[in-house]
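In what follows, structures are represented as structure tokens.
Look for subunit A in each of the two complexes below; its partner is subunit B in the first and subunit C in the second.
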Partner chain A sequence: MVGPTASLSPLVRADGSASYQCPSTGSNILGSVNAPVELPGRRDALKPEDATVEVFVKPGTAPASVGERYVEGIIRGVVGRLILGRERGYQRRGVVITLAIVGGENVSRGDSYLTLLPALLHTALLALLSASVPLSMTFSATVLSVDAAGKITREPSAEDAAAAKSLHVLAFSSKGHLLLNESQGAFDFDTWERVRERASAICHGTSVGEDGDVAMVESADGQPLEGTIRETVEDQVHRDYSWKIDAA
Partner chain B sequence: MNKEAPLSISERDFILNALREDVRLDGRAADQLRPLNVTFGEEYGHVKVQLGRTSLIVRISAEVTKPHDDRPFDGLFTIAMELTAMGSPAWDNGRQGDLETYVTNVLDRVVRHSNALDTESLCIVKGVSCWSIRADVHITDYDGNLIDAACIGIMAGLQHFRRQDAVVKDGQVIVYGLDERVPVALNITHKPLSITFHTFDEGKKVILDATRKEEQASEADVVIGLNNAGDVCFMSKFSGSGVDAMVFVDKTSVALEKVKEINAIIDKALQADLSKRAKTGMLEESRAENDRQPELEV
Partner chain C sequence: MASTAPSLTLPPSQFARLQPHAYLLAHLSPPASSNQPSIRANGRAPSQFRTTYANTGSLTHTNGSAVVRVGDTTAVCGVRAEILPTDDIASWSVSHSSSSNTNKRRKIIKSENEEEEEEEEEEEEDPNEESHIQDLNLLVPNLSLSTGCAPGFIPGAPPSALAQSLSHQILNLLHTTRLVRAEDLRVWYQPPSLGGEELERHNAEEQMDVDVDEAARKDGEVKAFWVLYIDIMIVSMAGNPFDAAWAAVLAALRDTKLPRAWWDVDNEMVVCSDVVGEARKLTLRGLPVASSFAVFEADAAAGWRAVIVPDAEEERLIEEGDRKGIQRRWVLADPDGYEEGLSQERACVVVDKVRGKTVIVKMEKNGGWALDGKELKGLVDVSERRWEEVKTILEQC
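This part shows the complex of A and B:
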């Protein structure tokens, strides 16, 4: 499987930005982060000792509605815990994350946003990194669908997702901890456990079997996502500091 | 907030004094556009416009809906533009500012009210179903002259977009997928574009395609919307100080020249994209001049 393609800082005005293309769903997402910014007129919402995280998801070809508000809440929950809002200069300020779906299929009204959620999460993370917002850790996320026969599909297309029995989005921190678990549909604990193992393998490249054996599954799922995210940032840093590296 | 940080007094004076000596910060002549680049994405109606450092993405989409009761023969066409914090840190997400209302209004008048898109051709069944065309404008970078950039994007998008074919059979509407039948281009009656001028020194200095800083230093703006044939379909002097009537007369001919120039750039980009698609798609096979297999009746 081909990994996602991403680039950092394509925009000029925003403090940090990222463009992200997910090869399986074909969606192209542009994210921007402005931080730290003043948020006047929202004094009651601001926390005196912490940064306020705002997430805005803008669909490509439709007005924003309930589905976007719902997914904004999930992203705010994940990202809000990673941002070190108590750092100098961030208290009482806002971290404004804007994610626009600028290419590929749109989520139609009333459909599940879970297929797009990992792409949105990755874009938000890369934009935050591009804006140099202090973070406690990075993460990687994936979406898996389980069909009636119990077969797990990684990053299903819209049709696959609609036919699936259950959909699961899992995010793992850079240390391997489970950060997010969003599921939809009917499933049992055994199924979820298999999904978690597969997701962990996709994100980190290793899966631990029941007997404690660590199996390398890189061949089946390609490069682990964690590595892809890391490499994108590494490439950018390498380019940004090329003047320094060349001089040394 | 919804307001850019104001220019400092010295910065404003610098821009003004330079303009009095016929010099612009980026070295352009008064009637010169910034470099314009129009590119198309994978799907139909996906346009990326780069005008200097202002950039935006326009996406055109179509869906079948019910027409308005008072206009049963007309399809729907909406232009949706929402300024988000992506374009400029000064814009608030989910709050409509003055700029958004103003730009949306001008775009509506130039593109929609001038009937650039023939809405009657969008009718499928009278009073029952019609196509609803939606143009979404995503501002990715804002550095002045939002109106002209958005107008270029929307017009290029409408010309690039292909909607699915719909057929009425025995009172039933059948919509064929993009790979089932050759998608249909929209019916464009004319190609209007807006050209924005900004005035300084009580209308004595007039410049075209101002950057964000020049916009902030200016006294007033004049928007002229016209098509290739020189038909003026929109003219506005919205706010600010007065402008001499001769400015409108003089600048309309400048605007016409620019509209022709921009439309030529759009046409060139469209042709290049079309020939690229011809290599990969079914364009040659689906030409109207080719022999048709008579449709088999069951």
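This part shows the complex of A and C:
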């Protein structure tokens, strides 16, 4: 399985930015973060000691519409809980995250954003890290589809997702919490638990069985996503500080 | 000179406004000495829903309508049907010819696979047919919050982000549950048979096991579709708009009657009968019921002091310690506006029951890390009970 590739700070003018490609779903996202900025529409009466998080999603071919409002809400829910908006310099200011869908499948009216959601979340996270916005934890997310026979497919393409019986997006924090779950389509709870276990294995690389055994599934799913994100940031830091490392 | 001493106590209503978090927390975890049960500020138990009323057929100018009231949240839903002639669909001639081919192919495969599979197939229905609803946008829900439903929503303002995402959620749920059958929305035309030379040559014998209706449909032609405009107005908003809106959509669609429509060859248009007796109801697939939850954290600072979030393992240990000691968080079913303002984490579970078996149609959680496998399982159980409640309410109205 080919893992996703990402690069940090491709944009010069934004405070932080990231571009992210996921080969299996075919999505290609460019994200930028500006923080902290003064928001013109912000009312101080509204949570005066906290920062406002705004998320904008721009689809590739069409103007943003109702579906984007919904996915913006989801991303804001995840990221807003992790951003430490009470840090110095962030109170009463805004964190503006803009995510542009550069390539990949189009999302038509009434379609769910679930196949694109992990890529959008990862891009948002990497852009936030690139802008050095204080976060309490990082996270990693994945999308899984379950077909009629109960087979779980990781990061399905648009056709697979359309044929699937249910679709699940799960995000885990770096400390192992379930941060987000979006499931749609008919399924029962046992299926969901299997999906959760698999997703946890994809994000963190290990899965703990019923008897407490830790099964290493890294070979099947490639490098865990948590590690991919960590390495992307490490590489960037390494490049940024190469002058210092070389001098030492 | 008798001046009344200023009172040093606050009435509960003022305390609720000044210290909302402490007020709700005091209700949920009363001091052990007071011997009071843990109860929400609105007098409900944590997994108790508000009383729900539903009334159908409230609007006379619609094909189907419903008013659903969940506590103080009220949603009015009207379903209006309009005819979309296939001549007006730009891509119809292209897409239709390709889809009818696959239909034929599928039928042949079906007849080869013996009849035992037939019953299952019938339930599943052709994904091709289903995509008509999605491809041609035959369902158009719209939710409006700009009705002066709550102080925060200014009447006449453009649709807020909340209204837009609710509209999207409803549309998405209509698509994923496949609630409305595409067959109900088709207007067929049966050309009169002019002699027997039209007989299908290649699959004449294979057609034998397919029922007569199906066979007749084969040379029929879809001339138009019904488009259902589903408009939802939240008349009064006191938290949890999605449950109320979805229940209203469900009740309105159950109430919807489409007049008998046919293709008039001479006038080349679709005409409808105005005889009420000929109108038929939609046959919906299942009865998915939505239940929403919010998580209330005892620690008011849990949201921002998150630098020291315990990791999942530690969390589990704390959780176990909780059974003896003080509870840290409560999952509140059907949160009202006051509780929604005090909680960040939300969950929504949509369940349906098919032949006594519970099927989860949608499960969402967002905005926090309190709910995991065990808690979600509990929520599914609560939603199952809610399903029974809503079913009886919708059947009585």
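By our rule, the second predicted complex is superposed on the first by the 245 of 248 C-alpha atoms of A that agree within 3 Å, B and C clash if a C-alpha of one lies under 4 Å from a C-alpha of the other, contacts with A are read in each partner's own complex, and residues count from 1 in each chain.
To be clear about the criterion, a residue touches a chain if its C-beta (ideal position, glycine included) is under 8 Å from a C-beta of that chain, and two chains touch if they have at least 3 such contacts.
Source: prediction; values computed, not measured.
Visitor: Would you check which partner chain A:Val37 touches, where first means subunit B only, second means subunit C only, and both and neither mean what they say?
Guide: It touches subunit B, and subunit C stays clear.
Visitor: Which partner does A:Met137 contact after superposing on A: first (subunit B), second (subunit C), both, neither?
Guide: second
Visitor: One more residue to check, A:Asn181. First (subunit B), second (subunit C), both or neither?
Guide: The second partner, subunit C, only.
Visitor: Tell me the contact category for A:Tyr70 with respect to subunit B and subunit C: first, second, both or neither.
Guide: second
Visitor: On the A-aligned overlay, A:Ile152 touches which partner chain: subunit B = first, subunit C = second, or both, or neither?
Guide: So A:Ile152 meets neither subunit B nor subunit C here.
Visitor: Subunit B or subunit C: which reaches more residues on subunit A?
Guide: C
Visitor: I'd like to know which partner A:Leu46 touches here: subunit B for first, subunit C for second, both or neither.
Guide: A:Leu46 sits against neither subunit B nor subunit C.
Visitor: Which partner does A:Leu11 contact after superposing on A: first (subunit B), second (subunit C), both, neither?
Guide: first
Visitor: Which subunit A residues come up in both lists, the one for subunit B and the one for subunit C?
Guide: In subunit A, nothing is touched by subunit B and also by subunit C.
Visitor: Which of the residues in subunit C end up touching subunit A in this complex?
Guide: 127, 134, 137, 161-162, 164-165, 167-169, 171-176, 303-304, 306-307, 309-313, 315, 344-346, 352, 357-369, 371-373, 376-377, 380
Visitor: What residues of subunit B sit close enough to touch subunit A in their complex?
Guide: Residues 1, 41-43, 46, 53, 57, 59-61, 80, 82, 84-89, 93-94, 134, 136, 138, 140-143 of subunit B touch subunit A in their complex.
Visitor: In the complex formed with subunit B, which residues of subunit A make contact?
Guide: Where subunit A meets subunit B, its residues are 11-15, 17, 30, 32, 34, 37-38, 40-41, 54, 56, 58, 60-63, 96, 98, 100, 102-104, 106.
Visitor: Could you list, by residue number, the parts of subunit A that touch subunit C in their complex?
Guide: Contacts found on subunit A: 50, 65-67, 69-70, 72-74, 77-78, 80-82, 84-86, 108-112, 136-137, 163, 173, 175-189, 192-193, 196.
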